[in-house]
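Taking it in order: structure first as structure tokens, then the write-up.
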Amino acid sequence: MADSTKKYTHFNVTFPREYVAHIETNRPEKLNSFYQPMWLELRTILDTLSHSPDVRALILSGAGPRAFTAGLDVKAASTSLFAKDESLDGARVAARLRRDVLEFQDCVTALERCEKPVIVVMHGISFGLGIDLATAADIRICARDVRFSVKEVDIGLAADVGSLSRLPKVVGHFGWVKEVCLSAREFGAEEAARVGFVNSVHESKEAAIQAGLDLAVSIASKSPVAVQGTKELLNWSRDHSVQDGLRYTGVWNSAALQTKDISAALFSGIEKRTPTFEKL
Amino acid sequence: MADSTKKYTHFNVTFPREYVAHIETNRPEKLNSFYQPMWLELRTILDTLSHSPDVRALILSGAGPRAFTAGLDVKAASTSLFAKDESLDGARVAARLRRDVLEFQDCVTALERCEKPVIVVMHGISFGLGIDLATAADIRICARDVRFSVKEVDIGLAADVGSLSRLPKVVGHFGWVKEVCLSAREFGAEEAARVGFVNSVHESKEAAIQAGLDLAVSIASKSPVAVQGTKELLNWSRDHSVQDGLRYTGVWNSAALQTKDISAALFSGIEKRTPTFEKL
Amino acid sequence: MADSTKKYTHFNVTFPREYVAHIETNRPEKLNSFYQPMWLELRTILDTLSHSPDVRALILSGAGPRAFTAGLDVKAASTSLFAKDESLDGARVAARLRRDVLEFQDCVTALERCEKPVIVVMHGISFGLGIDLATAADIRICARDVRFSVKEVDIGLAADVGSLSRLPKVVGHFGWVKEVCLSAREFGAEEAARVGFVNSVHESKEAAIQAGLDLAVSIASKSPVAVQGTKELLNWSRDHSVQDGLRYTGVWNSAALQTKDISAALFSGIEKRTPTFEKL
Amino acid sequence: MADSTKKYTHFNVTFPREYVAHIETNRPEKLNSFYQPMWLELRTILDTLSHSPDVRALILSGAGPRAFTAGLDVKAASTSLFAKDESLDGARVAARLRRDVLEFQDCVTALERCEKPVIVVMHGISFGLGIDLATAADIRICARDVRFSVKEVDIGLAADVGSLSRLPKVVGHFGWVKEVCLSAREFGAEEAARVGFVNSVHESKEAAIQAGLDLAVSIASKSPVAVQGTKELLNWSRDHSVQDGLRYTGVWNSAALQTKDISAALFSGIEKRTPTFEKL
Amino acid sequence: MADSTKKYTHFNVTFPREYVAHIETNRPEKLNSFYQPMWLELRTILDTLSHSPDVRALILSGAGPRAFTAGLDVKAASTSLFAKDESLDGARVAARLRRDVLEFQDCVTALERCEKPVIVVMHGISFGLGIDLATAADIRICARDVRFSVKEVDIGLAADVGSLSRLPKVVGHFGWVKEVCLSAREFGAEEAARVGFVNSVHESKEAAIQAGLDLAVSIASKSPVAVQGTKELLNWSRDHSVQDGLRYTGVWNSAALQTKDISAALFSGIEKRTPTFEKL
Amino acid sequence: MADSTKKYTHFNVTFPREYVAHIETNRPEKLNSFYQPMWLELRTILDTLSHSPDVRALILSGAGPRAFTAGLDVKAASTSLFAKDESLDGARVAARLRRDVLEFQDCVTALERCEKPVIVVMHGISFGLGIDLATAADIRICARDVRFSVKEVDIGLAADVGSLSRLPKVVGHFGWVKEVCLSAREFGAEEAARVGFVNSVHESKEAAIQAGLDLAVSIASKSPVAVQGTKELLNWSRDHSVQDGLRYTGVWNSAALQTKDISAALFSGIEKRTPTFEKL
């Protein structure tokens, strides 16, 4: 299996099923809060698995019983991202901040850019960066004990690594999006399911992980040409007009339809057996 | 009434109420699955009714008790769309596929392009192309027995005639859209209503048709200037910024407000009678 | 408090809490229906409060027990907006209508352009222009007795001051949007909550006002840098691709992160006291 | 050769060289002015040749010594496009005009939509619709005697079938575009070459046709996969951001690079002979 | 004639020909440099003339022999736009600057927003804001003695009221645009004409004014329906895809074609006399 | 100076003047043609210099007397980019090609993404990839002996790493762009200057390098806040509407105007000495 011997510092990466990777944020003693080396490493992991032929679906979750993630490690940020250098004028401070924020955004966007679907499984505290990560993934699942908050306004920030750009495209209830982003109020699993922020709610973290795994296995059993095309075309369509979406789809599929997976799938269907597909 | 004597090969086109057309896919023995001549004919019907002054609202449904449509007739496609010509290189195969897909897309888009609102009424099996057609229509209604599936990944395809471009704009729960498109799992009437894929669920196919008809009659009783403008402006707004939407609306209405329908509607309101409007 | 002595003709503007403004449409004897001087004055009020350092959140509601607003005062419009000048040709009539509509739109857009969040609280009759105003606000709250209708097609119009451009971006159920806009049928509080048109439903107008006030107070207690940035970035993201959203966010925050509000918020958090923020 | 036996009513279609088609507007007695059946037929011709494997480049010119085209046949238009039906209100007149204009635009767009490059060769009077057609083509060539005018304002119109949308994208001197469109003043070959409206100027109509033919032959000698991809990608890029252009190019070429034309071209280059390419 | 008795503080507004307005910046003793009250007044003038039925074309120039404008009055700006308030944090300074810049931009955009074509006539020093104003106008004309410079980088700024947004859309030579914006080097009339920044060069300021006047008179003699539509559609097309341009044009013209100006123009053409058009 | 001790394999990187970097492609024996390790290294160099505080302007040129670059090393590509793996189906080949092309594009885009202006100096053979690189830079300069060609169609390709996306935005003469891309014909320095592809032409390679250096020195002497903002805002504006350009400019400058460079520049101007600016 892919990269199975590779060890990472801040994340456990395992391959619990064929073609399925599981990335687990591993800093439970700090509620899986993130500091810069972590998001850089997460990007490395995702960019690697994105191209690995042994991976067709991914799960992202957090270690320990208490939190998917408490978000940004504010203490660490106060000596880096939020650190002040009084010798610089406002424009120069801005230039540094811009570089830092754009790099940070790019690490989160690695979830979206990953060629294979990513299912995020959330439990416990899932604040701030937790929402940024979740909205960059494809499918969101949670345990009943989850506590969500777009927490940033509570620390004087407009969320800057994706929630404000992606949440309005993930949840169709724009008033609700505004409310939770402007007030930073917590919301739970049931509310998240009702407004469409999560796909399903499960009794425990373990049950949620299992559900994520089952879904990943199901997706990984399909033609990777079809699955990866579907992810790409849905993301493209989100940001373009219907007409541009159709055109791009036509061009994309002019190559994708030249796959043997179609006949493999059709024959398996007729013969009522599970198809196998070449690696991609 | 419009074109009432015109016979089509694959569709029954009737005019059950004044200003209301009903298009019924008529291939029940094959679960109303589609092959190329059918989508070409559907385009012809829609482009004709779009300009007919005798039509103000349309319904689309499928004949027989079992299916709205099983989707693409895969068998037929395997000798046309999916047929291989080994003499051609990959680029030339792609060029042919692109033309075919773009033509196919254009036939489905005829539902969207139609100047009058189209209500699609679904029952039984409604797979693959059934979703493409449904998302290109304006309003979706279903019977309780409906079985939906964005089926394409199961045959090795990313859906290519509209579902991936339109479903994210029809349903605001992007995670759910991703899940059903990536996994091809079936979903039923209740789930479809909950996520906003359909407007209403009815006890039987007959009840759903009746509900669609009632809604069509209601829409057909309004000013056609107002109704057709509303469809156009909503579709434009879906694909443009709010500002471009407002501007286009202002320009559109600078002509539309010059209609006698406004005074007709206002006077009827005062006199508590049903207004009549000139043909359009 | 801001402008507390300023009197307006058609609106009551009060400041019920620190940093919270309440605008009340004050024409209850006409069901708070609007004519041109009213929307011009509303724009003036909003543009003023938008820049007032004493305001951090706003509520908009309607006076009297019967209506948020019955919409456009059709009688007044028939001698202005809809008035006919037979001496002009169709192009010249269009030019006048275009100017009038664009000005009218701009007055409604003042709700969206306002730098601070606007919560609209609706009760009783909330027709036509009421929907236009509501969709231009950030958060929608209603009383249980509310009666909503995108009424315009009933008077021969496609809605022209915002509903058709904004409703599809406020509610993620596009089929429902089409249905209510094409049929002008009424819908109530429960349906509005279910589809995501309103954030919450309250037992009475008074309870709804109180809930709006509570939410406004909560928002007004946060860093105004964070809150105003959040509103701006969410609105920008609605109309742009995710990538453009991220980029704009990075640039915006390169200045916004230079606020003392962050350390104020962080220290208050540690010391478990309420932070205070400089005016903005 | 392609469709060589097909006769058209208003156009001479010939195949003067291998893979090169020549469309000649044939109404010299009326200065090649257009009325509706002509633009409908032109669309048919272009849509046919667009898919013909025997055509790789096209030329469009006008018969007779006096005019490429005098533009719209105003006399004919006054009984069709400009005809008045006093029984209709302004909105209904607008609906008819909109349909007519959109259909007319679509016929002109056939030049742009044609998969193969179109070179337009202009001489003598080239007014109004002549500019619309020219801007929808890929390359513009003219004889020294040419007289250009964006004539529409002189008959009370803003040009409506493409010049105002395409001329700013064809000529980079926006002030000049505004001037000639607002004033309708004539300009000649030299000015057209200077601002970049035409690619080259030739001594006579015959010399211009010959130059167009030479260029068409040169283009037709290249890989049709490469040529048709180049046209498509340039047109796409005109209307999209650089980033969207790059992405679309990457997707397009993922199929196009699977052509045997590349090795054919490379080997021919090494062996210093002319490559031949399969039909497309 | 329009508003002929209205006096402005910083501008001379005259009506030298029927339907032609001339706005002259009148601060020659300061090289027509601008401070805030001036751009606010310029906006007022333009918004007024935009709707005046007595104006069909405008000229903008600068008083005195030495300068069209030296740009921003830096001295005045240093106590307003560039003034520092040390008590504010970087985010709050940014909020003030943003409001000021957006207001300033809106005043310059009044040239573009003006419904009638604006011809700017430049001579002598035309620096900084002079380029911003020029690019927001429709047509640029200059005297031979003109000295242009996108001066902002020389005072530590990226130009912020339009040059960087509009110059790349006015001049098709992007490398040249970059060079003059990045280096702030001066360029003269000949270079400006060569790259397409100006439409024409004249021997003296007086000759340039006369040429601008002649062009304005020519434009003012045309159908105002056609002229104003042409300006609008060209500006719309600059910022949209060709397809969106065509659609908007079709909708716009569905009203505009209902003008009597078309028959007025056609009959005048036949009778070889000058048409007259109703006011707009 | 920046990274002055760093050695690269395929490029000479020197710092001929304060704040000016010179990147020289160093494979003259192969006419500076590129293979994969070269474009990967070029990206590394550019991403590094982009953030180096010691660099404010860059020059890119090619070593040796014969070529800026002959483009892609086709021989090397035939064993990598164009290599065939017969075991893969068309969709899987496409997936690999897509990844390769997107990576290649990203390396070229590093020129555009570089925060500081890049001046490309071209001489001799400048084919294919040479045009891709040139259009991604900010300013293009050439020697009189230069030979340009958008060469790709001659080897069966539509150019895929930027020329087709950027050339139409760099040169305003779209017909010329189409001609040179469709025909692959060579063009020289004079033609390049006339159409606006290059900013200036110089007698020899040495003179061109000197001119590039002088321009780089001039740009490097300005406020880096102003220069880097100008590059960013011009690139943003190229891909967005004027309105989005203005808004982004306002937000960008709300931080950038908080620089001490403005007062430094203003005081130096008054005191007629050269300003110095803090590093950025």
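Chains here go by letter, A, B, C, D, E and F, matching the order in which they are written, and residues are numbered from 1 within each.
Here is the rule we go by: a contact is a pair of C-beta atoms (placed from the backbone, for glycine too) under 8 Å apart; a residue touches a chain by one contact, two chains touch by 3 or more.
Because the structure is a prediction, the values reported are computed rather than measured.
A.B. asks: Chain E-chain F contact: same residues or different, taking over half shared as same?
C.D. replies: Under half of the interface numbering overlaps between copies: different.
A.B. asks: So how far apart, in whole Å, are chain B and chain C when each is placed at the average of its C-alpha atoms?
C.D. replies: So the centre of chain B lies 33 Å away from the centre of chain C.
A.B. asks: So, what's the distance in Å between the C-alpha centres of chain F and chain C?
C.D. replies: Those two chain centres are 47 Å apart.
A.B. asks: Between chain A and chain F, what's the gap in Å when you average each chain's C-alpha atoms?
C.D. replies: Each chain's C-alpha centroid was found; their separation is 34 Å.
A.B. asks: Two or more other chains in contact with one residue: find those residues in chain F.
C.D. replies: 90, 93-95, 169, 171-173, 196, 225, 238, 240, 243, 251-252, 254-259, 261
A.B. asks: What kind of graph do the touching chains make: line, ring, star, complete, other?
C.D. replies: Chain contacts: complete, every pair touches.
A.B. asks: Of all residues in chain D, which touch chain A in the complex?
C.D. replies: 240, 244, 248, 251-252, 254-255, 258
A.B. asks: Mind listing the chain D positions that touch chain F in their complex?
C.D. replies: 117, 138-140, 169-173, 196-199, 215, 218-219, 222-223, 225-227, 229-234, 237-238, 241-243, 245-247, 249-259, 261-266, 269, 277
A.B. asks: How about chain C: which of its residues touch chain D in the complex?
C.D. replies: 90, 93-94, 243
A.B. asks: In the complex, go through chain D and note every residue touching chain E.
C.D. replies: Its residues touching chain E are 74, 78, 81-82, 90, 93-95, 97-98, 101-102, 105, 109, 112, 152-162, 164-169, 171-179, 181-185, 195-196, 238-240.
A.B. asks: In the complex formed with chain D, which residues of chain B make contact?
C.D. replies: Of all residues in chain B, those touching chain D are 51, 88-95, 99, 225, 228, 255-261, 278, 280.
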